[in-house]
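Next come the structures, one after another.
Common to both upcoming complexes is chain A, partnered first by chain B, then by chain C.
Take a look at the complex of A and B:
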């Protein structure tokens, strides 16, 4: 019964995974014949000074967006786990960004942030009418902001589910012992959410490796190479410069980083306990 | 709700509010920080959305001339007409075909695989299959796009909707199998045994026992995959080229390239492509939200 799923997954998941490794040792322009290249692609890519930069940008966006999203998602998750009417009403609106595609979000924000015709300019607030996408540091900040805007709803939903599974009796006991709200948050809620935090962080960080559509539409990697992440680098090398070999090298690196991250986060979760949690992601 | 933050870190010393709320214990204490932060986040979420919607009803001249947060005095539908005149109905149909064509088989075969893994999970082969899917979760599958492109070319499927559908199914399988097998595991084993004793086949227990009992999980994975594929950009971008094969996100992008100066029209296209999902959200919000949270924080 598992056969159809196995066939499709092997055909379009595992075979491409091996294929990308094979192609990293090949010359291919995307149309013509594929020829062996030996280790040349690897040498070329690893020597390319733009690689450390792409790795750095990817890392920066990953860490910053994790650092912004995690506390906000956690607190919002706690907030909407409450059963008050107004919180449930707010939660309805919180999820709206989840419905928009990355393409739609990127396009809308691109207009919104336009230094001459965007929201900031229209309101006449100089602070808001900077050249957001025209300056490297600002552009990275904008990417992190939009990523957070888009994905915090999803992660707060995960945290909401986690919070609702914490036994109420723990809070009641804490209450009797006189623990305040902050104390409860740090001594009960957050420790109890350990596995939820790991699940959510895994999804965030592994997911951030493949932010493609958002950055592609928003900045196309610019200004200069300021937001050229590994995923974008792979696309530009492969499908714009027609160098599928070097692009495959980048892809292999992406796969390795993703696997490494997932393993690392599993370790952090502590042995077998996290394994069962991974299975219950 | 807009109480100054300085008053907020009250914790246990916050005055319990009067009357009925006191009974509710912990929740009775007004949580001003939480409340203020909640409303603040609402602003963060809603201001861009509000701006997108009102701007999409402005004329281009009006857009440049007026306060961007003021609703248009004379709303116009011209932007929406322009978007529709640009073949959006076709792109919409393409998107529907891709989503239905990918999600239905993806969920069904994932369900069958999850059932096999749970029911026969002791076998070595099924264990290997299960860990293969688990590994698939940790791999950014988009990184395999170049060989996928090659395979699609070799299968002579390039520039067709099927080209988008096949990898979409494959990419959806790991997470679907994971969520579904968690739910099937919760079905008490005795139910399967007694049904088997009554003469039902494994296949019968799959359809008549496991399927109905795991409906919430099926809804979850359907919605989750459906949203992801509806909004997908990379696969259509790489695996198709003709305008008549575009799905909505790709169409949005090329529309934006074409009309970038006409901000209201671009925003109308954003609203229009989101509208079908928004309608589904209005109709099935409870299913969607509770499904997603049940599926992921189990």
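Take a look at the complex of A and C:
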């Protein structure tokens, strides 16, 4: 049963990964012959002053979007886990942004945020007609906002599932002991959601490492290089500057950082992965 | 218990799978034109042709292909269109993957050199010498960017496209000022327009090559065409030439004086938002290619038909050494033949070049769209056009230029061009100084 999956994974996962590793030690402009470069690409990329900036931007977007998404999706998840009918209807509405492609979202927001023809200029609201994508700090804020807008529904869904798995009996016992709603949230719901939080955080952080399409269409890494993340930097080096070797170096770095992050988050969950949270176990 | 073990497997799956999404991109790229080339011509015998979308060129290119297919029903050419910025990456990836179309549309210059050096395009030198009539009817200046190490690798086609300074006459009348003929006059206009809440200059800065046009002209006007030429040839410290530093400083002065429209760094040229700013009167002037005239005609309402559009060659700079007649832009567009194409496909492509490219019918269409075809004597056709004044102006600028330089990002090899564009974006953001720009670029182009 597992064999087809393994074949697909090796063919489309492991083999390209090894190819990228090999390319990171080669000179290739995407068209001509591939020649060996030794460690030169690695030295050049690691010495490049634009690399720390790209790493900084990537981590800034990762941390900010995690910090914005996690509390909101947790609360929304808890809210829509209730069983009242209106919550079902709201849950469907919350889910809508997830149905749109990143490219469509980027194009729509780009038009809305246009300082001359956008929403702010159209409605004549000065607060809205900021230079949203033309100033570095604002542009990062906009990227974080749109990423959050797009992915909060997804993470709310994960939290909703997690909340519904918490046994009712725990809340009943808490109510008998006189715990209020806030106390129940902090003493039962959030601790019980520990693994859901780790799952969701892993998806967010590792996902934001390779987040590309939205930023590419929205700002193309600009203004200047204010939103040039590692994934974008890799693309620009590889496919616009024709430096497949250095681009592969960044790709390898992305894989390593992604693996490291995923492992770190697992460790944060404690060595208690096999320990059950279920009552009575 | 069960839940915990499932989630562990999920973590490992995620950890490995998520970064792969990124690396797969680097490894495979967009895997070529799977839809178009495989579905075309059943057996792969039909020649394929990729070109740019967008009015007015797309319609004319498509018509030319249709005329060819009608005349040669047994050996048709299948065309596929792409948007400008996306096409540059797409065609390069396809060529690298050995899936290039038979006929490759391009800008010549550094990219063509790269294709030629990798033996990906057919050497057309001997074909041109045995078909001298095809060559002799075109502007000789168009062949410079088609030539690599003395060999011709592309057929020049379409139109000559110098970059000119457009202005909105209505806005100039409202403010009561005259169009600039010198850099000092241009700088003096900036506060006058800003006081009236009109942006002095429109700029689609996110596309970056739009910013580059300002530097191309300033370098030329201040130091002459040899300043950039020296840098392109890899001479040591060419970007630190005092004329270059002066030009870089002048552009930053213009940015600091709010010469460019607010938010220019987030406006793209592909969306034509920069052109819209000019014809809606939100901006007074715009430095842009002659190809944007077609957009003004199509989308600008009565902007062109009502005579509200003005155009000039770039102003002179006081004390500058450059010839005021010099211009930059695209001397032509270029069609190459893929070396990977079958002999039959190559024959079809050559027949296309000889019989349909810039045929009388195509030339008429280009003139009607507001373009000047690179065919000698096409100025006689211009008089009949409703845009005769503009076309004569473009013909005059192009044929009267002492030096018609190719756009920098096309003239340089792609690796250097990308560094250049990246540094230009930072220069316009004021995040690097002219000296930093010069030393960054010296490191890129020095041999």
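The rule is short, and it goes like this: the second predicted complex is superposed on the first by the 270 of 281 C-alpha atoms of A that agree within 3 Å, B and C clash if a C-alpha of one lies under 4 Å from a C-alpha of the other, contacts with A are read in each partner's own complex, and residues count from 1 in each chain.
Keep in mind that, in the parts below, contacts are C-beta pairs under 8 Å (C-beta built on N, C-alpha and C of every residue); 3 or more make two chains touch, one makes a residue touch a chain.
Predicted model, so just to flag it, every value in this text is computed and none were measured.
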Which of chain B and chain C A:115 touches, first, second, both or neither: second
Contacts of A:242 with chain B and chain C, given as first, second, both or neither: second
Partner chain(s) touched by A:40 [first = chain B, second = chain C, both, neither]: neither
Partner chain in contact with A:162 - chain B first, chain C second, else both or neither: first
Which superposed partner A:183 touches (first chain B, second chain C, both, neither): first
Partner chain in contact with A:90 - chain B first, chain C second, else both or neither: first
First, second, both or neither for A:136, with chain B first and chain C second: second
First (chain B), second (chain C), both or neither touched by A:231: both
Which of chain B and chain C A:209 touches, first, second, both or neither: both
Comparison of chain B and chain C by chain A residues contacted: B
Common interface residues of chain A - those touching chain B in one complex and chain C in the other: 12-13, 16-17, 19-20, 23, 30, 110, 114, 117, 165, 199, 202, 206-207, 209-210, 212, 231, 234, 238-239, 244, 247-248, 251-252, 254-255, 258-259, 261-263, 278, 281
Footprint of chain A on chain C - complex, ascending: 1, 3-5, 7-8, 10-12, 14-29, 88-89, 92-93, 95-96, 114-115, 117-118, 120, 205-206, 208, 261-268, 273, 276-277, 282, 413-415, 417-419, 422, 425-426, 428-429, 431
Interfacial residue positions of chain B with respect to chain A in the complex: 9, 11-13, 25-27, 29, 31, 34, 37-39, 41-42, 44-46, 48-49, 51-52, 63-64, 66-69, 109-110, 112-113, 115-117, 126, 129, 132-151, 166-167, 169-171, 173-175, 177-179, 181-182, 202-203, 206, 227, 230-234, 238, 248-250, 252-253, 256, 263, 266-267, 269-270, 273-274, 277-278, 281, 285, 289, 292-294, 296-298
Of all residues in chain A, those that touch chain C in their complex: 12-13, 16-17, 19-20, 23, 29-33, 110, 113-117, 131-136, 139, 165, 195, 198-199, 202-203, 206-207, 209-210, 212, 219-220, 222-226, 231, 234-244, 247-248, 251-252, 254-255, 257-259, 261-263, 265-266, 273-276, 278, 281
Residues of chain A defined as touching chain B within the complex: 1-2, 4-6, 8-9, 11-17, 19-20, 22-23, 28, 30, 72, 75-76, 78-79, 82-84, 87, 90-104, 107-112, 114, 117-119, 122-123, 149, 153-154, 157-162, 164-165, 171-172, 175, 178-183, 196, 199, 202, 206-207, 209-210, 212-213, 216-217, 231, 234, 238-239, 244, 247-248, 251-252, 254-255, 258-259, 261-263, 278-281
